Amino acid sequence: MKIKCFGIAKDITSTETLNIKDHAIVTVSDLRQWLMTNYEAFANVKSCMVAVNQEYANDNLEISDLDEIAIIPPVAGG
Amino acid sequence: MKIKCFGIAKDITSTETLNIKDHAIVTVSDLRQWLMTNYEAFANVKSCMVAVNQEYANDNLEISDLDEIAIIPPVAGG
Amino acid sequence: MDNKIDILISPKLLSIDRCYDFVVNEGCGGICLFVGTVRNRNKNEDVTHLEFEAYKEMAVKEMNKIAEECHLKFKAKKVAIHHRTGVVSITEKAVIIAVSTIHRKNAFLACEYAIDRLKESVPIWKKEYLENGSYWVNARP
Amino acid sequence: MDNKIDILISPKLLSIDRCYDFVVNEGCGGICLFVGTVRNRNKNEDVTHLEFEAYKEMAVKEMNKIAEECHLKFKAKKVAIHHRTGVVSITEKAVIIAVSTIHRKNAFLACEYAIDRLKESVPIWKKEYLENGSYWVNARP
């Protein structure tokens, strides 16, 4: 499962694209849990959104390797 | 006493500058009265303002030949 | 003339760039511009063009007052108000107002305040030309 | 892409003229533009420059949604939303929003709505560079 990382998420993971192999990740919520477990620094970030196929996703949305998934830290355009 | 005329007031008086010689005109109110009397067409115009020395003037302001006086029909800038 | 304010009344084409370049500055984060253009329709009639007449000296004074109010009421950093005179064609700019502020909310408030006030108090008159005739806008009861 | 909407995310200098020229049209009487520029101060610290990063494909989608909302909620005729990416210097334009409407009130409402929504939902991130360090804006609790 590939996860695009932007902004502070890219700094924390040190990569633009995380490549996760963990079959326990079924929903967006699982992905969040995985990130918090594997990168403690996310505890110091305001809560991130997750986008699935370029749309903001709810925690209970199921995700698969076929989806385009991105971590969206608090936005700051303009 | 010279009176600058703009917009519809210029059309009604057919001049850019009215030259009035009437010692009965002491205040802005007198000028208004004079205009209504001499140019009936002002009856068909929304009420005009009068500017004295480039400031909107009250009806009771006294005016003289030394003042810069203008008839200000309803404005429509922008 | 205060260098926080740029007022222009001109028979030449107005320039957004000139207004923008005047108001932009290092300390501002938000710039709001309003541009009033000439529409081809008004009250269900085809408009061919407009003509603006100004009592120029007084109009400049009134526009300066409005800009000063933008500084006082909305902490505007810089304000530009430019108005056309003479014949103005469809889609041409009749008026440009530009306001820079530290935070954006006040830029919108000041810019809208300025155009509302301009339409109320600045001695400029607009003649609307239709296919078959012309009339001074707002002049009739 | 609907020709009522012009969306751009670009590392190059933004152009007010391009936005204005897109939104101006014969049927509109009011155009409101908002320009967000880079300030040299934020929270009492000197800012040297900013850097913007975008999730470009999704940002374009979100900006299109905002423009569509301007059409639906405020009867906007045309809407342009342009956003810079990469390094942006002090006084450079980070974002331009332009909206044309028949009457001016809605131009202000739509333009302000669009910038407020953009700051809420469009996946673009801003890194602020100070004299001694840098940080992602809004990222910390």
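The letters A, B, C and D name the chains in turn, as written, and every chain counts its residues from 1.
By our rule, contacts are C-beta pairs under 8 Å (C-beta built on N, C-alpha and C of every residue); 3 or more make two chains touch, one makes a residue touch a chain.
Predicted, not measured: the structure shown is a model, and the values here were computed from it.
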So which chain is farthest from chain D, going by the mean of the CA atoms in each chain? B
Averaged-CA centre spacing for the pair chain B and chain A, given as whole angstrom: 72
Chain A-chain C separation of Cα centroids, rounded to whole Å: 48
For chain C and chain D, let me know how many angstrom lie between their CA-based centres, rounded off. 23
Sites on chain B at which at least two other chains make contact: none
Chain D, residues touching no fewer than two other chains: 36, 115
Among the chains present, which pairs are found to touch? A-D, B-C, C-D
Residues of chain C defined as touching chain D within the complex: 16-17, 20, 24-41, 90-91, 102, 104-105, 107-108, 111-112, 115
Which stretch or stretches of chain B touch chain C in the complex? 4, 6-8, 10-11, 44-46, 51, 54-56, 70, 72-78
Can you list the chain C residues touching chain B in their complex? 36, 52-55, 57-59, 61, 83, 94-95, 115, 118-127, 136-141
